[in-house]
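What follows is a group of structures, each given as structure tokens.
Consider the two complexes below, in which chain A is the common component and chain B and chain C are the respective partners.
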Partner chain A sequence: MDPSAPPPTVNSMQSQSARYGVRHGPKVFWLWTAMAVGAIAFSGLLVLAVLAMSGYPALGILHRWIIGAAGNRFNSAASMADACPLLLTGLAAGVAFRSGVLNIGAQGQFLLGALVSVALTTRFIFPGPPWCVMLGAMAAACVAGGMWALLASVLERYRGVPVVLSTILLNFVALYLVRAALHGPLQAADTSAPQSPQLKVIYWLPILITNTDFHLGIPLAFAVAVALAVVLGRTNFGFELLITGLNPRVARLVGMPVARRQFAIMFLSGCCAGLGGAVQVLGVTHFMLGNFGNYGYTGIAVALLGRLNPIGIAVAAVFFGMLDTGSRFVEESSLALPHQMANVVKGVIILAMLVASAWMMRRGSRDRSLEAGENQNTPDQQQVQS
Partner chain B sequence: MLSIENISKAFGGVQALNNVSLAVAPGSVQGILGENGAGKTTLMNILFGLIRPDRGQIRLNGQSVVVRSPRVAQQLGIGMVHQHFKLAPALSVTDNLALAVGRNFVLLHRASFRDRIAALARSLHWAVDPDSVVGQLNVGQQQRVEIIKALLGGGKILILDEPTAVLTPQEVDELIPAVRSLARAGITVIFISHKLSEVNRMCDRIAVLRRGELVFAGPMGELSAEEITHRMLGAPSALSSLGASSASPGLVRLHLSRVCCPLPGTRKYKPLLDNIELSVRAGEIVGIAGVEGNGQTTLIDAILGSLPISSGVITLDGSDLSHLVNFRRARKFACIPEDRQGQGLVLSLSLTANLMLRSYRNPEFMRLGLRHVTAWRSRAAMLVRSFDIRCASVEVPIQFLSGGNQQKALIARELYGNPPVILAINPTRGLDIGATAFVLQQLTAARQRGAAVLLIHSDLDELLAISDRVMVMYAGRLLPTNWPAVDRAAIGRMMMGITPQAA
Partner chain C sequence: MNIAGESLGTFLARQTVQAATPLIMAGLGELLAEVTGVINIGIEGLMLMGCIAGYAAAGISGSGGVGLGAAIFAGMGTAAIFAGVTVWAAADQIVAGAAVNILAVGASGLAWFFYQNAREAVHRSVSLGRHVGFQSVAIPGLSRIPFFGPMLFDQYMLFYAAIILAVLIWLLLHHTRTGAILRALGDAPEACQAAGVSVRTWRTGAVLFAGACAGAAGAYLSIMRTHAFASDMTGGQGFVVLSLVIFGRWTIPGLIAGCLLFGGINSLQQILQTTRYTSHSTLMHALQHIPFEFFQMLPYVVALLALATLSRSSPGPRYLGQAWRQ
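On to the complex of A and B.
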């Protein structure tokens, strides 16, 4: 209160955090990293312990898992290919959550993106060179995912439907749209299953490292992550998204177009997920099934693990990709471990992370309230708080 | 018999209550009067166990009691009705009350419970139907339900925290006999208000708090209305160094003509803004005095466009603002909002980011489409120097700054670059004397530079010290005064709703 008193500040935090957008000091960054590593180690140990108790050779499984995830060129590339759709859906969730918009609909936006790209590379091919067709398919998938997400935002703005709710429900709409399309106009001629025809090889995303799964979509996804990091962290647009997310009342006061920015957040988020769907079709599966994975939902976990930061999300996605690839490798070996084990590990990690971050948040809010007691000591505010 | 003895409570460095003693007789209605921040609510929160006092004790029928929590308060027979009701609108009155008294795993006999409520309502001569759905009751009736809730556990002492703030005049008229019948039933009612007229009609005894001290306690009628107002507001303090300007104001910048604004979603309640006529000219400070909650924040929301008005015109420099999109409209005003931390600053971001929230769009802060980091930092450093913001570095998250420095940062951001129109609401709230003087100086300096300033302030002394014209806001209406031709007490009376003589 007394302006002549030395300002109460945390000295360790200032010198290093020399960027405006640092919401938390480096201390918190390291805490978070330590927490993530700790949660991963804890979950790994827990799962291994359970495996050992159930009579599996735990250390052997761990060894094979690591080899399977990154033991050689081929396995590493497979891990990256697995990480690719997760990275894009993770970015989708991260972009939205960071700005306070709870887009749970990456799954639906991902599916719609995949559907559009399949349609544009099998049934409705526009005349042109293959790279043009692929680019067009990916762009269309982006727009489709973005519009699908925007629908939820529009519903919230004009009809008061919470985005959390509408995005979850739109996931189901998207799922059945996909099934209907795969039973109807997009169904392969030689089957009765809900399945699209396979893409011609000229429309497959090129493999960049021969004899591996490392396709063009992987560097593309990482490029998107870097681009988002720049846009969100260093442009006015990103600044407005950040303020809109952190405190929309301030954003309104200083004249930011809050509603437009909220639409933009959803569109951008949906774009990422839609692109993820297209990349998965063009780069990996080369056709589409009625059951096309749960990348959208897993992306939420990836985003949380990556702390909603594009680069963090990239790291988290690679980790999840390695988990998946490793678990398939273990499954294929003679150790008779079910593939679902990877999902168990992921679940335990997320739970451990949530517990740890809830603990951190409680600590943080306690610190803040102490801070408040020290600084904002007006009776009025105290009354309001109580 | 409830007696409060030598209660003191400090929040940080501010003494919210200083050695307050008060005895309340059973079956009486005790009014507690005071300005915002006088300590009324703190005192009641101590009685209800929400806040622990630093010193002093509470005696109930001669016995010293320690009210550790609201639950303990209820066991002691102390009930409190807050301004904002805690009722489930979709449930019936009976079910709401059952929720309040019901314990886990203990079955409640619904029919007899319902009869108990009906009996209690009858004994108070209140028309409360236990079967009606709470959401369909009007606010006054919902308040009755809250009161019954507070009394159901056998409460003998009832605290009403500004109960009339949410009511229409008609509902206030109905509340008064209801409270009187409570007192006849032997219940002690403590009635908090800053509206003298209501206290006058309702209470047996009054106590007046001013800046945490009890300045009067005695029977109603012992003091005249003027004297009570005088004690509430205290003697005018010397803020003379600031002074009103002698410069003649220029053209009308901001003009509001017959602006009305209903309470959202309904026409039944009193309007939030009632036929507002207001103009602010360049080079003058127009002060709006008034007790909080009489429509001041609504007025700002209406000007900024965040709340739609139902009729009237708001113009800036002669052009109608309703044609502008909200965000473009907000850019036309510098605004020092009431809620500094909630509406003015992004607490988790650095001082630099907070200082740049107005000017980041300016091309000089961009390079190749990206943020010009050094330009940002040097602008922030410049503002820190010229507004004397005490901080270790411009990169510190602003939550680590003291309240006064946060407010300086906010003012630096809003007032830098000579904005033509400034809106300020309670700009010195929670600040100490030095910071307060700084803020007031900044506003007068802005006026000297030709800005049109609309100052809404609940501190009358500061308001009168720097305003060129003063208006009073009461119950959504804006009443002009002839300040400085009328005296301070007359303005104080208008704030309390007495004799709104357009002097």
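On to the complex of A and C.
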């Protein structure tokens, strides 16, 4: 066997894109949009019906939720700010899943990115104007996230540790690294909790719309999404990443540097997650806690909802951000409904979405397999390792 | 050196098994599901549902048994949703598992909120009554054996159940026709279908069983080993289970060895965290300079190192993670 062949992994991890039914064309786009709207409407109705049955004013909650998510300038900006980290972790998951790499480690990469950016803006500030420091912090966060992800890729290539597994374990290692740093060198002076000092105001990302939470990181995240859409969808490099994931054997046969492309996928994915951490610190929280959210895991769901397409992921992230902001508004408005409701709604929406898309794919593939007379339950040939 | 009236070794052995019990329990279910070709990364969520259901049911009914039953039921109920989406609608298992995790975080948070309100409304305490949770069960005679007694025969009821279950599943998988079918479901579902075995029904059964196991493991956390609930109480143990099943290369002895290794290192690091301040040895004193987070990190690092150094073999069930369309 070709010595440069990738090691056997937890199998069936290849050809993810085929499994998720990533296809292009206006018809697919409209079908998907209709399906997404349908799934969201169905889930909303389901949740509201359950709420109404348990004695809540369902319509009042819906009304509050919408006002909270997008009722005015301030709330809309808050939704965008909530969407920002989800967008970047969603892109991280999307880039990897699209090429068949199961990177579940966006959480750890996000945390490390946040940690590095906090370190470079509180304790280890290198001399220079504030914008320079912030830029450096974000770049370093990208690299930190990317290297952390790369570690998983290297472990798979040279030691045969499946990426799904190593990224999960590395998430925990990153979590405790972060807590150790926040208890140690980065701890704020006036507390015993694992918590960094607050950033100086000059190192906060500038607010673009006055009196709201709309910081510079939000357009930056969207710019990253657009850039990724161009690179992945319109360049040779992006195509190579896709083929490497879809079918490494074909990629090798046509002379693509498979190993380097697989590393590139992971690095790019980790970069997005790391940048997400930096933007969250510099733009929103302005300090870091030992418990810094579950953005990495939610990113996987965002990526699916956006069909692993950077623009779709942006839309999905904004929607999730609105769900979060709206639910907090509901919680504050004396309706006695905790904001955890948002997670329930998210879960139901993704499950409804999965069922709908699986149903659509099945219809599509049944039509095609009837035409081609192929048996679609045959696993990819390249999985059967010699 | 003694801790809580026991020698260090005995204490460590007992703690190791206690820490490994929920991992073994949830791992057995997940292993069976993965053998049939279904990977459920929502195991963390299933355990969390088991935690809150067990705790709330035990608190309301005043009976630990009811709590355990409710936890198993909650785990199976959540797993049924997962099975419906992945096995029957043939949707992607990884994403469905991630969705189950998100759903469970939300649902358990809501349930905890409502439980607190309900207890407050009837002026009762949120914490469990004194005799509601489970206590460890010492097997008469055997538990007197030095070292092995406390380790293996003075444990919680769920440990005994897990061991019996492990033996049963091992026998089932390797010595019965049913086991052959179960393994074939993950390796050659097309052969199963040709032989007239309903792939989807069998896989659903395996996923529901995994849900029951995960629910019971959750109850172990909230009403057996500790009698409390916290919103993030599973703390990633579900993900650990997931990796231990792969770590053990889908074999039951491998899984149990992995769980004991993980539980052992976890217990050891907890003991080290405290003894380094009470002990008189210079080695222990040197450890005081290491932040305790590095001790907490240890089990994960060891797991990674073990994976990286062990020879790779057995890529696992061929159709793992792939939907079956009938």
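In this text, the second predicted complex is superposed on the first by the 345 of 386 C-alpha atoms of A that agree within 3 Å, B and C clash if a C-alpha of one lies under 4 Å from a C-alpha of the other, contacts with A are read in each partner's own complex, and residues count from 1 in each chain.
In this text, a contact is a pair of C-beta atoms (placed from the backbone, for glycine too) under 8 Å apart; a residue touches a chain by one contact, two chains touch by 3 or more.
Source: prediction; values computed, not measured.
Visitor: Taking the superposition on A as described, I'd like to know which of chain B and chain C A:192 touches: first, second, both or neither.
Guide: After superposition on chain A, A:192 lies in contact with neither partner.
Visitor: Between chain B (first) and chain C (second), which does A:254 come into contact with in this model arrangement: first, second, both, or neither?
Guide: After superposition on chain A, A:254 lies in contact with chain B alone.
Visitor: So, does A:230 touch the first partner chain B, the second partner chain C, both, or neither?
Guide: Touch status of A:230: first partner only.
Visitor: Does chain B (first) or chain C (second) touch A:211, or do both, or does neither?
Guide: In the superposed model, A:211 contacts neither chain B nor chain C.
Visitor: State whether A:159 touches chain B only (first), chain C only (second), both chains, or neither.
Guide: In the superposition, A:159 touches chain C alone.
Visitor: Per the definitions at the top, what is the overlap between the chain A residues touching chain B and those touching chain C?
Guide: Shared contact residues on chain A (touching chain B in one complex, chain C in the other): 7-11, 13, 19-20, 376-377, 379, 383.
Visitor: Help me check something: in the complex, which residues belonging to chain B touch chain A?
Guide: Against chain A, the touching part of chain B is residues 11-14, 16, 36-37, 39, 41-42, 45, 50-51, 212, 304, 306, 325-331, 335, 337, 339, 341-346, 348-350, 352-353, 356-358, 360-361, 366, 369-371, 373, 376, 388, 390-393, 395-397, 399-406, 429-432, 434-435, 438.
Visitor: Can you name the residues of chain A that touch chain C in the complex?
Guide: Listed in rising order, the residues of chain A that touch chain C are 7-13, 19-20, 102, 104, 155, 159-162, 164-166, 168-173, 176-177, 179-180, 183-184, 294, 297-298, 300-301, 304, 336, 338, 340-348, 350-351, 354-355, 357-359, 362, 376-377, 379, 383-385.
Visitor: What does chain C use to touch chain A in their complex?
Guide: 39, 41, 81, 84-85, 89-92, 94-96, 98-107, 109-110, 113, 117, 189-190, 236, 239, 242-243, 246-247, 291, 293-294, 296-297, 300-301, 303-304, 307-309, 312, 315-325
Visitor: Give the list of chain A residues in touch with chain B in this complex.
Guide: Counting only chain A, the residues touching chain B are 1-11, 13-15, 17-25, 230, 234-236, 239, 242-243, 246-247, 249-250, 252-258, 368, 371, 373-383, 386.
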